[in-house]
Amino acid sequence: MTGVDRIIENALFEDIHTGDITTLAVVPQSRQIHARLIAKEEMVLAGIEVAARVFAVLDPQTSFTPCFRDGDRVPCGGLLAEMAGDAALLLQGERVALNLLQRMCGVATLTARYVERVAGTRARIVDTRKTTPGLRVLEKYAVRVGGGINHRTGLYDGVLIKENHIAAAGGIAEAIRRARAYIPHTLKIEIETETIAQVEEALVAGAEIIMLDNMDVAAMRTAVELVGERALLEASGGVNLDTVRSIAETGVSIISVGALTHSARAMDISMLLEEY
Amino acid sequence: MTGVDRIIENALFEDIHTGDITTLAVVPQSRQIHARLIAKEEMVLAGIEVAARVFAVLDPQTSFTPCFRDGDRVPCGGLLAEMAGDAALLLQGERVALNLLQRMCGVATLTARYVERVAGTRARIVDTRKTTPGLRVLEKYAVRVGGGINHRTGLYDGVLIKENHIAAAGGIAEAIRRARAYIPHTLKIEIETETIAQVEEALVAGAEIIMLDNMDVAAMRTAVELVGERALLEASGGVNLDTVRSIAETGVSIISVGALTHSARAMDISMLLEEY
Amino acid sequence: MTGVDRIIENALFEDIHTGDITTLAVVPQSRQIHARLIAKEEMVLAGIEVAARVFAVLDPQTSFTPCFRDGDRVPCGGLLAEMAGDAALLLQGERVALNLLQRMCGVATLTARYVERVAGTRARIVDTRKTTPGLRVLEKYAVRVGGGINHRTGLYDGVLIKENHIAAAGGIAEAIRRARAYIPHTLKIEIETETIAQVEEALVAGAEIIMLDNMDVAAMRTAVELVGERALLEASGGVNLDTVRSIAETGVSIISVGALTHSARAMDISMLLEEY
Amino acid sequence: MTGVDRIIENALFEDIHTGDITTLAVVPQSRQIHARLIAKEEMVLAGIEVAARVFAVLDPQTSFTPCFRDGDRVPCGGLLAEMAGDAALLLQGERVALNLLQRMCGVATLTARYVERVAGTRARIVDTRKTTPGLRVLEKYAVRVGGGINHRTGLYDGVLIKENHIAAAGGIAEAIRRARAYIPHTLKIEIETETIAQVEEALVAGAEIIMLDNMDVAAMRTAVELVGERALLEASGGVNLDTVRSIAETGVSIISVGALTHSARAMDISMLLEEY
Amino acid sequence: MTGVDRIIENALFEDIHTGDITTLAVVPQSRQIHARLIAKEEMVLAGIEVAARVFAVLDPQTSFTPCFRDGDRVPCGGLLAEMAGDAALLLQGERVALNLLQRMCGVATLTARYVERVAGTRARIVDTRKTTPGLRVLEKYAVRVGGGINHRTGLYDGVLIKENHIAAAGGIAEAIRRARAYIPHTLKIEIETETIAQVEEALVAGAEIIMLDNMDVAAMRTAVELVGERALLEASGGVNLDTVRSIAETGVSIISVGALTHSARAMDISMLLEEY
Amino acid sequence: MTGVDRIIENALFEDIHTGDITTLAVVPQSRQIHARLIAKEEMVLAGIEVAARVFAVLDPQTSFTPCFRDGDRVPCGGLLAEMAGDAALLLQGERVALNLLQRMCGVATLTARYVERVAGTRARIVDTRKTTPGLRVLEKYAVRVGGGINHRTGLYDGVLIKENHIAAAGGIAEAIRRARAYIPHTLKIEIETETIAQVEEALVAGAEIIMLDNMDVAAMRTAVELVGERALLEASGGVNLDTVRSIAETGVSIISVGALTHSARAMDISMLLEEY
């Protein structure tokens, strides 16, 4: 019920549509075949159940045996899964399964690299809403698999008061007051700040998470000292694999990284088919 | 009717769902605002009408004035479009519009780099089915905007006989014969080959497009000489910005590049909102 | 994009389907008519824009002029809105518009009664997930209009650790630890307790909201004293219009009431049509 | 094919959406659990197969054993069904199953009360189109389970000529003539009347069902004598549990009651989960 | 809300899908053009508003001026409508508009021929459920335009007790009794008979419509005499343009004809496009 | 994933909608029954798996045993398939299964007649886009079963440059040049011609398929001589069972026939149900 089947069916329909004419023309019906998914580079696995589901949607009879689990670090050459089933259906599912799996492994692997960089600090790596339209649920899952945690899923399940909201409300305190009166009591209020003065204002107004937007490391350190445990501090902007460690060392709790989802490269994975 | 509105509505629903609670809580109704889309790096623009459509779907009253057209090369800092409309709706559409536009510009810009590399040769750059599930129609469009051409859209509108199809049919000649008997007369038959012997066999059997799969440059050159104008030759595998020129210089007609869509980096684009 | 149009289109299709045969048979095409929506009892108005939208979906030319706004207290006999448009389309939209509007006004009016009862205390009235399947977004909106606030929208945007979750995790502390490690940092953790000992355990474990499930008023008062400002206390179970005041006077912050949505009676509203 | 699965999937998606984060965080995978559905008050059961289907949609492996059948009168404390299955999935389906079941039992129980009140008369209790948008098929089913019969399902499968239709046609006779010429021969024509004079006019014009709209009991009795067996008489308006008996005793055949669906209170039903 | 737009959008998406590549490649954007719809044979027009809607869905700016109305008899060569609009969009809508319009005119024209044949008798021509899957609402509309009336729309809005139903119930009387107890009071009960004895049995049991299934003309005449005005008689089976008159002359009220929808030939209609 | 299930579900929902009230009222639950599909005239079978799928969608427990395979020529009286299953579900699926199967057999049978007529020539019979909206995938399949081949599926998977495209581009050569630059290299370019001069122009411009639109036989013969093997020639317009042989004897490769799908008569097939 989480929408994954809809993503898969949509992707299969996008690719197959009125029929895989090559296979219909060339491959005899009911031909059985073996297949293997192979990692062609080292990666953190994410999405193996999604790949399995692609083939199950096409044919519940397909056998799919994963050899690793999501979150496992797989070496180059690693056998990810073994399959057996109808040749035509394995050929039809191959590209969709790989397109989803390679992307999810890419996100998990990149997230894991960020998480490693901040090891030993209190900082946690979180994602953003800069995800692929239609695939957010899968990409946010892959971030968790890679060791990150999720920021809000969308505009509906978290409050993030940005510069324009503040301007529209007429100030930080008023914006927070309005949010408090409106939103579920189960949500924390987050607000974006660009200066230490704003951090202070947000703190006084009762913000529970304060985003430090594009601040330099010195300013972040000042904010950390100022705020202590009274709110969560989230660093945002200008975060990459080179800068993330020094940002983490400022003592912020949360570092959000758009690149986890908008710039992850697809991992190289192959599907080999073999006649019996 | 090409499905773009469905992609946009799906993406907006993914992000907004039951409501943008921050904006609902904080921003007064009917507040008018200006916004500008700015390129933060040099790029080939693709998808400006898609971005416009995001805001039109949210609110047909929004004014959206593009300053460049798809296919234009935009300098860093270039103003892509100006908007005016309801503040809440511009805030709600911002992320979806950027997520789509940044990705499409990324594909077009990368495609254009490949196209430039092969300038002066006969080779044309084409895409593959290694696209983002659900977004193929947009990514294939962006490839065209970048100067590439499209390979088949999916399994249904083109024939590509691969190794496993050949094995299932019992040989290249038989596979091509079956395809010819089955498929619309409007389609060319393409077949994958790995050796010069297979190229010859495919040619004799009447293949109209012969894919040279992971061949080295010397083998490709041999294939070009062998085949002449009797079939289109398509190079595939191991193509990157470093290798594409030498591949093109072998004389192949078509070079297919999975990276155009599976590894394009999102271009950096910002939306700035300003009070009147 | 919040799904309201889908609810309306679904409801209209449920009612009209292949056509309103009475109107098709009997009413001449293009006949213009006036109509008025009248409150037949005192109520808090909620959903007037939804009613307007029903007619707009059927015919964008329909004129719909609200005379009150959501949240207004309307006296018996009050004129809610005036309409003019095509007779056939007004007749077709009437029942769907009323079915939605009467239900939403019912929820808002009942919520307002609860809110009045706790006036002067710190307690806020919140809803639950005991909503009408398919209409949650409208019913939660009506709760806000009536002066309540919303609990989580669904299982996806809030954490509520119940008895069975605690048992599965092996204890309160472990359950909270697991939640903290998994969920977005933007969410507070709520846990259900049935005894003061559990309240204490939850507090130590870092729960940010503690539900007092079916506790008596004395126990709630003890919990309030124990917890102070260190967590939000939410009373749940056995809440009705007779008991809510004494519960509020214990000092809890939040009182959740399933009846707001599962037992609200439809308000009596009529649509009168008049020939010109 | 009757749309029930769509209602269930829609309701589950509304509640679970991107995932039940509490359960995902806290409950170990593949944990098996028992559950029981218990009636917390006396009721007429309706919808037990719908509840079963909710869990089957989430997981076809779930075992669900009903202990009563739809239409049975269940005592307070009665065990409605026993279940066993994956803990996470039972927890995820609980609220949706209860929201549907409690509502359907409410409608059936209220209907049964009306049916009892008119026992021994010829009158049959029927529903109206005042149903919950999106749930009409379930509510109309529950009315049948409670011993009522259904009026038309929507505007498309029955003719009900109301005051405004009559005005538009220029009179009762002309309205009925137009309907006769247009509608399937399989449908009876029903017309709304407010006076005995209109009843007579309708009868002469060939109406097969005559609705007595908001008439008092004396007028109804006059209508019954006037019409005899020449048409069905349907009483409508001002019907409640106090008035329904005296209306039935006038001799009308049909009494339509909006309250069956717009004012039925949810029955109190609990789901108890138990570790093995 | 009657599903016509869904049929049109589905048909357009079936034909255009990812784009009309010929037009995209060849036709300049924003080129304006004129077009005319011409009847290439005599016909009863049905569906002109559906054709208009096809172009409106593609582009609300298209001008579409019908020259005849549904139900008009159009001579060979008659100009059905004039259009003006964007060339690419007119080209894209042409085939879908014609496919729908030609079929609907075919049904209306064939229906009109049957209706003419029975002129002067009491018999009315009705359709069946032998319609094109997905297009029933349009084909039933075309039958009405051609002068026929509709039988039930589907299994849900009419009762037709067939041989197998009777066998399952254990006889005609019991089958009718069960139906009476279950179905809305707004529906007449129809039952299929094959002998005069069954007709009598049905009449006694209270059937309101009696289908004479594949009876010869003599038997039908006997049935008419037997039944008089006590029930509607519907002739079914073996009806064609040669036999329909003699069937009508037996005095039956209703003649149902599957051929109206399953064997109607598409009328010949052309769309001519002209440059300005 | 080819959309057939969607067609079936849509057709079932169209017919059954809120329930088959006759069967619900009359037929006991869980009654088992046998059924047979019988050809009432000679035909080429097409769609037997589609018919099977209708019953499988309603109830996976239904047994369905085909006695012939698609493409078989079945004599009048031939037993197409045997079924056993729940009586109510067989009754509910009957009409939809027949509506689809009769139509598909009609298309295949008519196609086979055309194919026989051209036996011994090189000409192949192909379909057009004049298909039933929503059923194209099934009708194009039936054409293949009948021995024909398919033209493009829609506007998206084939290029056909018509008169208006040529006019818009400013000539045949320019139109072909634009198409070549835009379309996938996997597609052949087809262009419509009306004179021998246009055929020559198209050939020079590199058209791979040349449609001879409404040419007489003499002109077609001239075109064949002129073109030889340099392009495929497709005859179109004025093709019927009387003319197709002489057209084929001109030596054209392809003859496209709209009548295959727009004028195929439904084959007569019955479903007989028998009690055990």
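Labels A, B, C, D, E and F are assigned to the chains in the order they are written; within every chain, residues are numbered from 1.
Quick note on the criterion: contacts are C-beta pairs under 8 Å (C-beta built on N, C-alpha and C of every residue); 3 or more make two chains touch, one makes a residue touch a chain.
Treat the numbers as computed from the prediction; the structure is a model and nothing was measured.
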{"item": "Computed distance of Cα centres, chain D from chain B, in Å", "value": "52"}
{"item": "Centroid distance [mean C-alpha coordinates] between chain F and chain A, Å", "value": "45"}
{"item": "Touching two or more other chains - residue numbers and ranges from chain D", "value": "16-19, 92, 136, 153, 156-159, 181-183, 187"}
{"item": "Touch-based graph of the chains, sorted into line, ring, star, complete or other", "value": "other"}
{"item": "Every chain pair in contact, whichever chains are involved", "value": "A-B, A-C, A-D, A-F, B-C, B-E, B-F, C-D, C-E, D-E, D-F, E-F"}
{"item": "Complex interface listing, chain C residues touching chain D", "value": "7, 10-11, 14-28, 31, 33, 87, 91-92, 95-96, 98-100, 102-103, 129-136, 154-162, 164-165, 167-169, 175, 178-179, 181-183, 187, 262-263, 265-266, 273, 275"}
{"item": "Complex contact set, residues of chain C against chain E", "value": "9, 12-13, 16-19, 57-58, 92"}
{"item": "Residues on chain C engaged by chain B in the complex (per definition of touch)", "value": "1-3, 136-137, 140, 153"}
{"item": "Of chain F, residues touching chain B in the complex", "value": "124, 126, 144, 149-153, 156-160, 181-188, 190, 209, 232, 234, 253-254"}
